[in-house]
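Two complexes are shown next, each including chain A; its partner changes from chain B in the first to chain C in the second.
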Partner chain A sequence: MRTLKKPITLLALLSLGLLSVTALQAEVTAIRASKIFTGAGAPIENGVILINGDKITDVGQKVSIPAGAKVIEVKGVVTPGWINAGSTEGIQGRLAEEVEEVTPEIRVLDSLDLDSRNFKSALKEGITTVAISPGERNVIGGLGAIVRTKPQSLRKMVVNDQAFLSVSMVLSAAYSNRSMRGAAPYSIYYRIPTTRMGTVFLIRRAFTEAKTYSDSKKITLPQIGSLTPFLSQEGRDILLACTQGKRKVRIRADYKQEIRSAIMMAKEFGLSLTIEGALEAAQLIPEIKESKTQLLIRPGAYFETFSKEDPSQFLDLPKALTKAKIPFAFSTTNWGSSASLRTGLRMDVRFGLSENDAINAVTSQAAKILGIDSKVGSIAKGKNADLVAFTDSPFSITSQVDWVMVDGKVQND
Partner chain B sequence: MKFNCLSGLLVALLLLSTSGLKADSHLTVLKGARVVSPDGKGGVTVLKNGTVYLKGQKIQQVGDNLPVPKGAKVVDLKGKWILPGFIDAHYLSGSFTGETNEYSDAITQNFSPTVAFDPWGKGFAKLHQKGVTTIAVSPGNQNVVGGKVELIRVCPGKYPLERIAGPDLIKAAVGYEATVSGGLQRAPTSVSGAVKMLRTWIEKTFKPAGKGAKDLTQAKGKEETLITLPEPKTQEAAARLLIHIEARTQAARLLGSIEGRNVVPVLLHGSGITPEAWRLVEGYSHAVLGPLSFESSIKALSIPKELAAKKINFAFATDGDTEDLLTSAVLAMNNGLKFEEAVNSLTLNPAKIFGVDKNLGRIAKDYDADLVVWSNNPFSFKGKVESVWCLGKKVYDAPSTVKKAAKKEKK
Partner chain C sequence: MSFDPTKNIKIGLKHSLALLTLFFAFSGFSASAQESLAIRAGKIITGVGQEIKDGTILIEQGKIVAIGKEIQLPANVKVQRYPNGVIIPGFVFAHSQAGLRISNENLPVVPYISVMDGIDPISRNFPNLLREGVTTVHVLPGNRTRIGGQGAILRPYGKTVDEMLVKNASAIKISLAPGFGQSPMSHMAAMRNDFLSLYNYLKSLIPVEPGQELPEAGTAVSSLTGLVRPAPKWSAIDYKKIPEGKIDAQRMPFVKLIKKEIPAVIYCSQASDVLKAFEIMDTHGIKARIVMSSSAYKAKDILKKRKDLGPIVISPNLETTEIDPITGKEKKIKIGKVLHDAGIEFAVETVTPSGIFNLSGSYHPWFQVATLIKQGVPKDVALKALTLTAAKAIGLDHRLGSLEKGKDANFVIFSGDMFDVRTWVDHVFIEGREVYARSKDHELQELLKDKEKGN
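Then we have the complex of A and B:
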């Protein structure tokens, strides 16, 4: 018996050693794909991506695969994980806190159900990151959040819970507050404003108040002209950070008047501006470019009945923005779900947006606009290994998502 | 003579009263049954031939095959099972329909649902047959701070209700229901608003006041468990805040504002809750689950097992008359919950949640004599309640037909 035991322990030790060696090697993954869109520059044909752990270590045509690395062959296309730069998915209940019109201190993350099935279906479609903003019923709706769609621990899912301040200049912030002409408001709980004039006034009033009372130690507050202060100190601090460029401001504006007002306001208060919606942006390209405004546009054919303009301009918008070198990404707010983003983009590609520019818009550009480009949005050394493999060009009608990789791991379901 | 007569009367009266006292504190011995009780360390002690001495309202002694003192009243329970009376951790029924929520304001912290509670109700009368001896009568989910939660000993037909003394219990809710019930004429109208309102209220109400709330969504710590709250030193006296949540972000934000204050959070079940959400509260917080039913998903049914593995103190609740507390535990056992964990979750765990674990939830010396005698193992669906003892007195005796049927089944 004794003589038998020794070889068995030796064998066990040996096999353990072997196992640990293979475990070390398995951490390096190589992806060999016939086409790689890196999110920056031209696509790489027949390239290799090297991944160590959860980070990308190398990418290129002439990258050699180390011995023992796990190799994944992709016949189709690999892109960075897609980013939906604007959505209201996963919010439980009402999208804005409608008891007040200006609620900068409300955080959308608090009403977000991270276990919502919307995020799961988005992940299956290759969307690994989503920015969620409060609804447009409030003039200043609160702080938006950036979350990752893979279900995991809270800290890993929440990238930033106060990524940007959401402001609404579109008609829904005002229109439904109206009662009949000449009649008194029907309830004591009536809301302001009732017109876009009122919306702009309210936003300016809020930012002015924040700038005037920037000293939080002041307890008694004097009036601004005839107006009494109406914000909480927390709200003022948030707005003040926006005027100092420390926090991004996202304004929803669709028509050219709204876009122009947003740009003027950003100039007045020194805001770092992103415009979401921007239906008629094609007519204001010089102004947008001069003010360095970033745009989040709706994907695909979006037909807006309120606009007096020629609807074909909406389809030409992405092409026009690319030509003018204005940074833009896509947002699915008021349009559809994250999971259908690719379906919408097919239309844009069909109307002249190049495949590479479309992928850049949903990856590297979106990451830059959201301020998370140091970690995600492109395939480059040191970036998170969030990747999507498609069976064909993502915009071909028959192409499907082959697999989605998050933090270096292929997601199985 | 008159004096003598009077003194004689007095002596006689004294004698009578003392003999009356003797009769009251007369020892009752429950003998021969299998006694199952939490041992206070997460496990269960089982006495195969258990003897329980009841004296007054308390349990005097418990042991295996103890001798019976002379003059004691003996109840032979051979072949039966004795368990502590179950505690239902969240009970909404028993009031007028729809009157568990006060709609005029979102914060109604001093309201009490027991003022409208009906001790003559049919559901309340049936609780003894379900093995339940204590319920936590609670306001509904439609107010951000709904009001007081009160622990009641089940006493059908008795008024005033038998309240059980303990720490302050308050009900709060931030789920979807709390945001829509005001018909948009009352704040909050969104879940974000409800969370903010509750955070502000917690900061104002619980000591130390004025301390800024920590934001646990940004906290640093172990990767998988976001929240590891230190246990407050004065936990026994600290108020309990039962919070109805529906998503884990809400749990993170609210527990962050509670950290360091003299209040113990209890997370109440919500429809959208997942094991991921409960994992946040590892090691410290209390949770109330249920009701589980045959319609619950497998995922929901396996949550109790996961909580037990994470050593989260959890209890079951029925929300009212329509569900059975024991069924929740049995369904959880079918999905991996162990016997001792199931016993604890129905008895000692809820007692701990409500801060009454020195009096309720165990069959041990100096505990309240709240016991249920079962004809068989209650977790096997064969066990039926034969009698219920509350504060040392038999308060329910099953009809003879039930007892006979149970006997037949055993044979």
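Then we have the complex of A and C:
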């Protein structure tokens, strides 16, 4: 044995040596830009970003560029790769599994076409990461995924295939369901919920069941009151993890009563809550702040076709959230494609959201809300080198995406 | 509940007084005598390639009498200062359906109708256009009527259509988009027949000696398509020989089109329609402008060949994406850039905003200018596409589209750099009169005000 061990150590040493040599040889890239929005704090004027391989190694005004580094000059603005925190694009076929109302165990990734054109055009617009959730037609729709838009292997594209549980409290969950009155049901849509009350009831029933039978591994379970258990073992485990704060819950809620119900539900079951949609959130700032809810809102331009009595509340929303220090990011679900995110955000900037806050919302804030901030969402040491360069301020109407970098490599289309 | 009749009478009086003043204020837009007015602004973009820093525009009788950095101002002239303002010529929409609730007629041949009868002066379109800095709009019937009605050039400001009017009977709309249930073949055949039957009608009105009948319509071969089609011998018609008042009033506008007294605006729904438009123009010798859908770029080589065409008008959508059917690769086509590179002069249409929520994209003329610049069209050409070239497309470039001595004082004052998304249209002037001020735009103020929201 002794004689055998030596050559192995030698070999290990040798390979270590080789590794360090390759590490040294890994391309060092330096980006010199007129303005860098890091996703945290104030923008850096005339700064330098150093990249080694696929990671950022340094950023700042006084960063010296090592000899032999490849230098990329940017006259405009560099920001972290943008993140669309909510979308249903890329899903092939129906957006939700409508045969059952509560399907926590299904995964949106299984429906996802990773070669979708939407991802390619999103990448060209500088959106490097997208969170996809099942459609809002189901009460508990399943598990959402976070994917990177650059076409590559499944392993590299999927950041998290079970990133959050998608729950819907909007009227669509009940919409077009019919109540059973006498006649024999001939379609699956003779079912609950037909109202918002029914939606909330179903969610509560599911979480209650998960908590009640958390330790039971039996296939047939006794009833809770008059209700028969209806979840699968896996579904229960997923919901249980949500009630223990181990898994994020994303609830779609637009109007005041929906937002209130969502907050109430989170309190009742101890959920780590993100509300998506949140049209009328401006009217519930204190409640949202108190419950530590995170929001995913729609870009201002969404409201161009949307009419309500007091339209200014929608346009004020990002400003109001910034002021109240409520974390928020943008989601394009029910509004548009990821590629149009910037067009939409421009309107929020037009109505008073600062450029820095807007960029933070689509980079670092979005990453935090999605729980991927250790890897992406800001320009800082150790983060993935996912960057976007714009010819000008991203929100200027004449600006264009200069290039997009993913894992330290500038993408060519 | 008490009822006080005197109160009501008072209100009635107040209202009628207000109406009277309104009547006097608005009777005849340009006729209202204007004193001379000088506008000073941080920057004036003249629209003909000049940028004047800290410039002044001197206006008299609604016209620009002087423009420049150092100009002689008459004594006691009223001076208005906008130190941060950026002035550009008022935007001109060369093709629009603003104010028309229904823009298409059920009948296919209606040259006798006029948009003047269809425009609703209190339509929301007009304040929305002013909010975007539009000072002139060419309203035409829609794209679905073969030989549509007559258009009119308007200011988007006024209480009646007459008051808004800049030029009546500005053009007759001809559309090459087939009607519902029709193919382009039958559409074109019907179109040829429309002209032919007009020729036969006019011929029948001219009294002739037996044996000296006017020639039948002949045929001609198109130089572009090589197709044989009927060609009326319009030169054989001597209008002097037609007895006074004999021509049916309903056909008169169509006759005027043939006599080149009214130009046509021909809508081409696809690139191949351009050849058909040329056929109509050549066979009947009419004056025409071409309005094109976003497939305009495909016709660039054909359009380039015609030197007498004048500017074409292209639809609001300045970018299209095409997918290669075999490789599946996406190709983004920058229509403005393609046309500019081909040397084609073009004006750009903009979607007429239907509400205050039309906040993004092609609803804003300045966004259209920015899009063209983004595509690589030179800055001045891009601005002209919505000002001077558009004015040329409607035949009013001697009056509108740029800030030069002798032209109408139509301009927009922006709150800052036109291409910054945080910039707003602050003031709009038409013929020297302020017709829009952001500070008085209640709808916008309502949106912009910073409200504290709580429950």
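Here, the second predicted complex is superposed on the first by the 364 of 413 C-alpha atoms of A that agree within 3 Å, B and C clash if a C-alpha of one lies under 4 Å from a C-alpha of the other, contacts with A are read in each partner's own complex, and residues count from 1 in each chain.
As a convention for this text, contacts are C-beta pairs under 8 Å (C-beta built on N, C-alpha and C of every residue); 3 or more make two chains touch, one makes a residue touch a chain.
This structure is a prediction, so every number in the text was calculated from the model and none was measured.
Once the two complexes are laid over each other on the shared chain, residue contacts for A:105 go to chain B alone; chain C is not touched. Contacts of A:346 after superposition on the shared chain: chain C is touched, whereas chain B is not. In the superposition on chain A, contact of A:279 is made with neither chain B nor chain C. In the superposed model, A:158 lies in contact with chain B only, and not with chain C.
With both structures placed on the common chain, the touch criterion links A:85 to neither chain B nor chain C. Of the two partner chains placed by the overlay, only chain B lies in contact with A:114; chain C stays clear of it.
In the superposition on chain A, A:96 makes contact with chain B only, not with chain C. Contact with neither chain B nor chain C is seen for A:369 once the two complexes are overlaid on the shared chain.
Residues of chain B touching chain A in their complex: 175-176, 179-180, 184-193, 195-196, 215, 217-218, 223-224, 226, 246-250, 252-253, 272, 274, 276-277, 279-280. Chain A meets chain B in the complex at residues 91-99, 103, 105-115, 134, 142, 151, 153-156, 158, 161, 187, 189. Chain contact summary for the complex, chain A toward chain C: residues 117, 120-121, 282-287, 300-301, 303-307, 311-313, 315-316, 319-320, 343-344, 346-347, 349-352, 395-400.
By the touch criterion given at the top, residues 330, 355-361, 363, 366-367, 370-371, 373-374, 419-422, 446-451, 453-455 of chain C touch chain A in their complex.
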